[in-house]
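A, B, C and D are the chain letters, set down in written order, and residue numbers restart from 1 in every chain.
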Amino acid sequence: MKTLAFETPLQELYEKIAQLKQLSHEGDVDLSREIERIEARADTLKKTIYTDLTPAQIVQISRHPNRPDSSSLFRLILENFIELHGDRAFRDDPSIVAGVGFLKKHRVMVIGHQKGHDTKENIYRNFGMPHPEGYRKALRLMKMAEKFSMPIVTFIDTPGAFPGLGAEERGQAEAIARNLREMAGLTVPVITVVIGEGGSGGALGIGVSNKVYMMEYAVYSVISPEGCASILFHDAAKSDITSKSLKITAPDIVALGVADDVIKEPMGGAHYDWEAAAASIKKVVLKDLNAYKKITNVKKIQEERYLKFRKMGQFSE
Amino acid sequence: MKTLAFETPLQELYEKIAQLKQLSHEGDVDLSREIERIEARADTLKKTIYTDLTPAQIVQISRHPNRPDSSSLFRLILENFIELHGDRAFRDDPSIVAGVGFLKKHRVMVIGHQKGHDTKENIYRNFGMPHPEGYRKALRLMKMAEKFSMPIVTFIDTPGAFPGLGAEERGQAEAIARNLREMAGLTVPVITVVIGEGGSGGALGIGVSNKVYMMEYAVYSVISPEGCASILFHDAAKSDITSKSLKITAPDIVALGVADDVIKEPMGGAHYDWEAAAASIKKVVLKDLNAYKKITNVKKIQEERYLKFRKMGQFSE
Amino acid sequence: MSIVDWFAKKEKRRHSSKKLNIPGDLWVKCLGCTEVLFLKDLEANLKVCPRCNYHFRVSPEERLKFLFDPDSFEETNAGIGPVDFLTFTDTEAYADRIKRAQKKSGVKDAVRTGRVLLKGKSVNVAIMDFGFMGGSMGSVVGEKITRLIEAGVENKHPVIIFTASGGARMQEGILSLMQMAKTSAALNRLAEVSVPYISVVCDPTTGGTSASFAMLGDVNLTEPGTLISFAGPRVIEQTIRQKLPKGFQRAEFLLEHGMVDRVVPRNEMRQLLFDVVMLLDPHGAEI
Amino acid sequence: MSIVDWFAKKEKRRHSSKKLNIPGDLWVKCLGCTEVLFLKDLEANLKVCPRCNYHFRVSPEERLKFLFDPDSFEETNAGIGPVDFLTFTDTEAYADRIKRAQKKSGVKDAVRTGRVLLKGKSVNVAIMDFGFMGGSMGSVVGEKITRLIEAGVENKHPVIIFTASGGARMQEGILSLMQMAKTSAALNRLAEVSVPYISVVCDPTTGGTSASFAMLGDVNLTEPGTLISFAGPRVIEQTIRQKLPKGFQRAEFLLEHGMVDRVVPRNEMRQLLFDVVMLLDPHGAEI
C-alpha cells in the first residue's frame, strides 16, 4: 500500500507491530504486551495525524490510490449490480461506470467516475477522466432511470474531464453542458456522493443532484490546487496555499451550501476499510431513498433540485 | 447536361435546333419554319419517350445528375431559408442538409438527403449517403421542430446509408433505428417527398411521416435493383428485371399504400425545369400544412402517423 | 438492408452445426476450434463449445428450452403466414420459396412470439429464426413483432426480443422495408408506457433488423462473437476495397463502441435477463 | 475550467486592438494581417478588418450598437456586484482585483443583461465582457444570466446570450463552478416553455462557460475565427506533448464537428439573428 508522506511515522509503527507479531509467532515468545503498547501508540498517532490534517494533506488522501473506487463501492452497496455500457453513438468510456442494482428494496441506477488502483488500470480508466462519450453514457442511463422511475445515485471521483484532442473534437463542453441542463429536469431524485476527488466541470457533469454528500476526506473544487497555483503564482508547487484558499474540503463545501452533509470515514480514511466506508455511504443514501419514496409528486423533486442550485452564489445587490 | 441512353434521339434533335438557330443568326437567313418543324418533332418525341418508360429507365431519371437537389429545392420553396448544422456530438454530415424557413406563412423545419451535381460536389456530399451523424443531426432538428411547434418537411434522395467502417463503428444501425422510433412519436406533422432515389433504410431514416409523396420519376425501394440482382441472379446487370419486380416506381409505391400520392414532374423530368418541379412540390406541401394547421390535438397527428405505418404489410391469417 | 441477405445465406451454411457421419452416435465438429463434439454433450452445454466457448446458432425452440421456464410458452399469432403479393420471381418464385421453407421448418415464417415465464416472471417474447429464409423480415415478421410489442403496451409485461436476421425480405419489396418503421413505431408506444424492452441480438443480425428493433432495447444484450451490422462485411469490403479488421462488427466490437450493454455468455443469459427485467420493470412487484 | 484563465489572459493581451501612436488620428494594426487601419473606418466596418476579415473583439456596448435597435436596451440587474466571500488572495487580493476592474470598466462585473429590440422584436439579451477579468464567471455572472433566462421563462421573449469568457472565476472557489449548474438548470426551465435560446459564442469562450450555457443554444452561432473550447489549447498541448493542428478549436472547426450551427460574419449577424428568432419563436406573432 502506498504511503503518503505524513503517514510515514504511522506506517513505521505498523511495520514494527508486524515484525513483533512474526517474531512472537516464530520464536514462540510472548510479546503481546509490547505489541499492545505499540498498537495503542499507533492508535493515538493515527488520531493525532488525521484530526489535524491540512487541506493539502486531505487532497492527497482524496487521491489515494487505495481509496475505494466507484465500481467496488457499487458492488459493496448493491445487490444484483449489473453494469451497463455504452453511449449508443461512439464508444463505451471506461472512466465512467454505471449500472442498475437493488439498494435494499430500492431499484436504483448508479453512475460514477472510475479510477484505477495501479498504472495499468489507470491507463484503462484514463485516470478517471471521462471523454464526452462518458457523459453521454451517463445521460443515456439517467434518462433510462427516469423512464423506469428509478432514483439515481452518482459517485464523483475525477481530476476532471479529459483535456485532449478527441475529447475536444467530440464536444467535451457540449456533453457536460447538456448533462447539467438535463439533470436539472430529471423527474427522479438524484443523490450524489463525492467519494474522492471532485474535479471541476468534469465532476459536476454527473453532480446536479437533489442531495450532495462529501466523504470526510473528499475534496470538491473548481480547479485543482496545482492548476490554480500555476495560474496565479506561475508555480504549481504553491498548491499548499491554493488548496487552502480555494476552500475545497468537506466542511468548507458544506459551509458554502454546495453539499448537504459530510459522511464520516473510517479512522485514517476510506482506504483503510472499504467495507466500513461503503456501509456509511449506504446508510446515508438509504435514508434518502426511503424519504424520496414517499414523494410521489415529481414536480417537487425537480423543484427541490432547481432551488438547491438556484441559491448558490454570493453577491451584493 | 448528361444524356441518358434513351434520351439520345431527343438530344440529337435539340442539338440540331441549336445548330439551325445559330446558322440563322450568323448567316442572316430565315430558318424559322424548319426550326419550328423540328421543335414540334422534339415535343412529340419527348412525349413518346416519357410516357412509356420502363422501371429501369425511371431509375435512371431518379438518379439523373441534373435532378434538383434538396438544398436547391429548399431555396426555391422557402423564404428566409437558414441552414442549420451539426449533430452536437461528432460531425456535421454534408449528405444531409437541414434548416428552417417560411413556406408562405408557415414556419417549417426542412431536412433532406443532399447529392451533388458533379464529382467534386458528390465527393463532398458522399453521393447523398449519410453517416450516423447525418441521421443524428436530422433527429436533433426534428426534436427542435417539435419543441417550437414547427411542421417538418423531409426530402428523400439517397442510394442508401453509407456502408463504411466509420459508419458501422458509430452505429449506423442505431442511428437509423432511433430515428424510426422517435419520428413515430413526434407531435408535429411530418411531410415527406421522395424527390429522387429512395434507397432502403437510409431513406426511411427520415421518412416516418404523416404524408409521403412520390415525385413522378422517383423510386423507393428496399434494395437497389442492382443489389437485388447481384444477390438473386449473381449478376448486377440483371437490374432491368429486378427494377420491375421490386415495384419501386411512384404508382407502385402508391398502390402498395406506402405513398399517398404522386407529384407530377415537368415533361421529361424535374431536371428539365427545377422551378416548375419546386412549384409542384410547394403546392402539395402547402395544402397539407394548411390542413394540419387546423389540427391542434397533437395526439391526432401521432395517431395518424402510427396507423399509416401500422397498416403496412400483407399476410394471411 | 442490401446485399447482406446474400452474405447471410453463405454464413448460414458455414454456421449450421454440421452433423458428422460417425456410426452409432451423433457428433458435430465445432466451428470455432474444429474439435469433434458429442451432440448430447453440446446440447447439455446450451450449444456452447466447452473447449473454445464458440456459441452455436440455436433454434427458437432451443432458446425457449435454454432460457425460460419449462412448458410456459404460450404462442401467439402462429397462424400468420406470408403472401407472395408481388408475385416476385427470380431463380425461384417467392411462393415456392415460402412453401419450401415452411415444409422444412414446420413453421409459417421467421419469428415465433408469445408469453412465457422467466423464473416465474411473465414476459412477452419474440425469437427470430435465422433458419427460415435467413431470418428475413417481411410482413409476417413485422406484424408479429408489432403485435407482440402492442401486447406489451397492454399487459405491461416486459418485452424481450431475440433477433437473428439477414435483414429485410426483398421479395416483399417496399413493404418489407416498412416493417422497420412499423416495429419501431410500436416500440415508441411501449416506451411511452415505461415497459422495459430488452433486445438480445443474436448471430447474425444485420440490415433492416439491426436498423430497427434490434438496436432499440432499453438494454441491448448479445452473445459472444455475434455478428451485428447495418451493412454486411462483404458490402463494406467492396466499398473500402480492403479486408476488414478482425473482430469488426462482432459483439465485443459493438460493446467497445457503445452499442450494446453487455456481451453475455449463454449460460449466464437466463439469470441476467431475469435480473435486468426485475430491476427495470416499474410495473412489476418488488422482490 | 482549469488553466484556461491563464491562457485567456495572455490571449487577451494579444487580441486587444492596440492603438498605434501616430499623431493626428487613431490608427490600429490588424491582428490578422498586420495592416494598419484607420480606427474610424474599422469601427464603421463593425470592427472587422476590411482586408483580411479578421474579427476584432468588441465590448458589450459595441455589440449593442452593431446589432440591436438604437437606444432600445433596457438594462436589468446592473446593481449586482461581486463579493470577496472567500477573502481570496494570491499575488493580489480578489477584493482589490474587483475594484481595479470595476474602475477600469465602469461596470460591476463581466456581463450586461437586459431587454432590447432586434429589428423591432423584443428579446432578452446578455452580453459577456471579456475585458472584465477575462469574462470569468463568478456568482454575479451566474446570477445575472440566470435571472435573464428566468425573465425569458416569464415574458416568453427569445433569449440571446453572447458569451466571451475564460471560464469560471476561481477566486470564488466552488461557487463559481456551481454557476454552470445554475445557469444550465435555468435553461432547462426555458426549454420547458419552448422559448428559443440562441447562443452566440464569441471570442474566446472556454472552460466553464463553454461547458454550460454557451453550448446549449437551440441554435449555436459564432463569429469567424472564434476560439471555443473546454480545455484551453495550452492545457491540451501539455497533455499531448505536441503542437495543435492549425484551426483546432476555432469556429470553423466546431462547425465541422457539429457543435455550432453557423459561423456568421459580423455584418450578417443582425439579420440572421432576426430571421432565426422569427422562425423559431412559437410565442411571437406571425410575419
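Here is the rule we use: contacts are C-beta pairs under 8 Å (C-beta built on N, C-alpha and C of every residue); 3 or more make two chains touch, one makes a residue touch a chain.
Bear in mind that the values here come from a model prediction, so they are computed numbers and not experimental data.
Asks: Using C-alpha centroids, which chain lies at the maximum separation from subunit D?
Replies: Comparing chain centres, C lies farthest from subunit D.
Asks: Find the geometric centre of each of subunit A and subunit C from their Cα atoms only, then give the gap between the two centres in Å, rounded to an integer.
Replies: Roughly 41 Å separates the two chain centres.
Asks: So how far apart, in whole Å, are subunit A and subunit B when each is placed at the average of its C-alpha atoms?
Replies: Computed value for the inter-centroid distance: 53 Å.
Asks: Find the geometric centre of each of subunit A and subunit D from their Cα atoms only, then give the gap between the two centres in Å, rounded to an integer.
Replies: Result: the chain centres lie 33 Å from each other.
Asks: Among all residues of subunit A, which ones touch two or more of the remaining chains?
Replies: Within subunit A, residues 88-90, 170-171, 174, 178 contact more than one other chain.
Asks: Please output the residue numbers of subunit C that touch at least 2 other chains, ranges allowed.
Replies: 191, 215, 257-259
Asks: Looking only at which chains touch which, which shape fits best: line, ring, star, complete or other?
Replies: Contact map by chain: other.
Asks: Can you identify all of the chain pairs that touch?
Replies: Those chain pairs which touch are A-B, A-C, A-D, B-C, B-D.
Asks: List the residues on subunit A that touch subunit C in their complex, please.
Replies: Where subunit A meets subunit C, its residues are 80, 82-93, 100-102, 105, 107, 133, 137, 144, 147-150.
Asks: Applying the document's contact rule, which stretches of subunit D touch subunit B when the two form their complex?
Replies: 191, 194, 196, 215, 218-220, 255-262, 272, 275-276, 278-282, 286-287
Asks: Taking the touch rule as given, give the residues of subunit B at its contact with subunit C in the complex, in rising order.
Replies: Touch residues, subunit B against subunit C: 160-165, 167-174, 176-178, 180-182, 184-185, 200-201, 204-205, 207-208, 220-224, 227-228, 230-233, 241-242, 245-248, 252-253, 256, 258, 305-306, 309-310, 312-317.
Asks: Inside the complex, what are the residues of subunit D that reach subunit A?
Replies: Going through subunit D, the ones touching subunit A are 1-3, 5-6, 77, 79-83, 85-86, 88-91, 138-140, 142-143, 146, 168, 170, 172-182, 184-189, 191-192, 207-208, 210-216, 228-231, 235-236, 239-240, 244, 248-249, 257-259.
Asks: Could you please specify the touching residues of subunit A with respect to subunit B in the complex?
Replies: 88-90, 132, 136, 170-171, 174-175, 178
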